[in-house]
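After this come two complexes, each holding chain A, first together with chain B and then together with chain C.
What follows is the complex of A and B.
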């Protein structure tokens, strides 16, 4: 009986020790975010080939007055990826006019002088907003009318998508 | 019999965790990256890059209680504003390191008690949601997330 009592006493003593021995520790991490202003994209000018003639390919380069232009605003000096959805044909009803050989250029100011060339059809292009939060993007291309190209007004849509990175 | 009592005590003490064996460590920040003014942004707890992460180690077949201290706002670095942050009730995940451990989704706003059945250590991932106002001041924001773990 004495022995059992001793053993019980030991067990009780341990259990009390164990309950009191629960320990706590803490650790920290940071939660972080960087707030940027939203990007705006405006189709500022059509890419316009004017009159074209059968079998005479016509190219508009980015420095031409008829090149396409997008005006973007965003976070000052923010890095941005620019990508395009490009047509392979301009259409006039059921008729197609092939378009390709896309060219592009970006600049933080509204001039193609000194702009940075890129290939719009090659996927996303890394660029950056100017310190004033501006970015201008010009687009050129080539249309290739066939010998039997139907006369008419042909149109297509060029879409620019921009995202911070 | 004294010897028996000593052996029993030794066996019980051997199962008692030592202070140095139980740890909690913050190993990855909860990083929302770039968020846009006026656009709510959520990081999932399973996000392998952006979610916050802690590592907890104790002993197999023991219990741990975890309790987050969560911010309600991130403060703009350099002053000038706060960015509201919330933690949806499914934005915590705990998973043991053993191959057969099953991830457990939980509400980080409420204390949780886990039994360490398959592994003695586990990771705790934390997601969250920030809600920048339309006129939120641009810049970097930061807050502190604390995980307190009680080892039983």
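What follows is the complex of A and C.
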């Protein structure tokens, strides 16, 4: 979004009244600045599965309150490629916990209602910023704890890459 | 692995919610010339936690896919025939920690090879930001899962040497219905010695010549491309219309003095809405 800001600055010259022939004068000048939209890619909300049980797969869908969300800003209607680097296992020390069946959705407003679905694991997705220069990306997935899954806090990293043109 | 009975599972939670991991990046595109050989980008951490940031250079350029979308093409390998600058662009600092609500300037310096020919050379700056990982709360008797988010921002970098020119020609304009829109496609043939960076503007004119629908979209034509643009036509009465496509060397997100000026390219096509 390009915002042209014109600031009218009033410059007033104060003249010493006791100077010979002095008189008060004022003049206006315009100061202009062009502010370009910056790029922001923010991991806005962790993807969290909370507590799970052995042999009970748990799915977080994009519309869940615990889905992962990325907030992007950029040029109004600008093109952007979104791609993901996704783990196949979460880890807790030396223990692994499988994760997969990734789901994703994008929208120009911060709601999953009417969002455009995509498969995060399928490579780059072409998208575009809204007229307001916003793009929201949600990601969900499924974890499948084994029968003998060790207790622990399992973590992983979901990486979103946003390429601008 | 240690076995776990369901009876042992107790509440274990992740502190999740507002992660806000990432940095603000400005500008959208970086331009360097052979005379100054340097530029800078500004990073700002808007979050409440420190952000670990890493800068890298890669080679890639936009292409269009079969659907007319712009996609970043990253070749598997880079050879001497490619106008790649990524091998001789260095960032200072390359790794940094940006405290909350703080900014960091990154200098980009070019060290081109001796005897570099006149021309335009391309790279992409990749900014990787990592924030604090989600924190598990207290109990470790159960299974709890949380995933941290990492973000990478890729922006174009252009290095110019010598007098360059750019332009674009429109050929093969087609318009096909696509739901409540028209899918406007055209082959954009790059002219001159540099990538064409501009804006595509489409207008739908009714029989009286009055504009009734528009689109405006940034374009980057490094090699010939066939982008698609959606022109919304919902609610318009049946009849004859004209689709007008214009490309101008202007971008609202890039300073005009950085863009190579080129004459506008125009084409139009008669269409009939059912």
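Definition applied: the second predicted complex is superposed on the first by the 126 of 165 C-alpha atoms of A that agree within 3 Å, B and C clash if a C-alpha of one lies under 4 Å from a C-alpha of the other, contacts with A are read in each partner's own complex, and residues count from 1 in each chain.
Simple rule for what comes next: a residue touches a chain if its C-beta (ideal position, glycine included) is under 8 Å from a C-beta of that chain, and two chains touch if they have at least 3 such contacts.
What you are looking at is a predicted structure, and each value in this text was computed from that prediction instead of being measured.
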Inset, instruction - Quick one: name whichever of chain B and chain C touches more residues of chain A. - result: C
Inset, instruction - Give one of first, second, both or neither to describe whether A:148 is in contact with chain B, with chain C, with both, or with none. - result: second
Inset, instruction - Mind working out whether A:82 is in touch with chain B, chain C, both or neither, as first, second, both or neither? - result: neither
Inset, instruction - Based on the superposed arrangement, let me know which partner A:51 touches: chain B (first), chain C (second), both, or neither? - result: second
Inset, instruction - Go through the superposed model and pick first if A:25 touches only chain B, second if only chain C, both, or neither. - result: first
Inset, instruction - Classify the contacts of A:164 with the two partner chains as first (chain B alone), second (chain C alone), both, or neither. - result: both
Inset, instruction - Look at A:36 in the shared chain and tell me whether it touches chain B only, chain C only, both, or neither; answer first, second, both or neither. - result: both
Legend entry - On chain A, the residue positions that both chain B and chain C contact, one per complex: 34, 36-39, 75, 78, 164
Legend entry - Complex contacts: residues of chain B adjacent to chain A: 1-2, 4-5, 8-9, 12-13, 16-17, 19, 22-39, 41, 52-54, 71, 74, 83, 85, 126, 128, 130, 132, 136-152
Inset, instruction - Over in the complex, which chain C residues touch chain A? Could you list them? - result: 1-4, 6, 8-9, 11-14, 16-29, 44, 46-47, 60, 62, 65, 67, 69-72, 124, 126, 129-131, 133-134, 136, 140-156, 215-220, 251-255
Inset, instruction - Note which residues of chain A are touching chain B in the complex, please. - result: 3, 6-7, 10-11, 14, 17-18, 21-39, 75, 78, 164
Inset, instruction - Could you pull out which chain A residues touch chain C in their complex? - result: 1-2, 34, 36-54, 58, 66, 68, 70-71, 74-79, 81, 85, 87, 90, 95, 97, 99, 124, 126, 128, 143, 145-146, 148-165
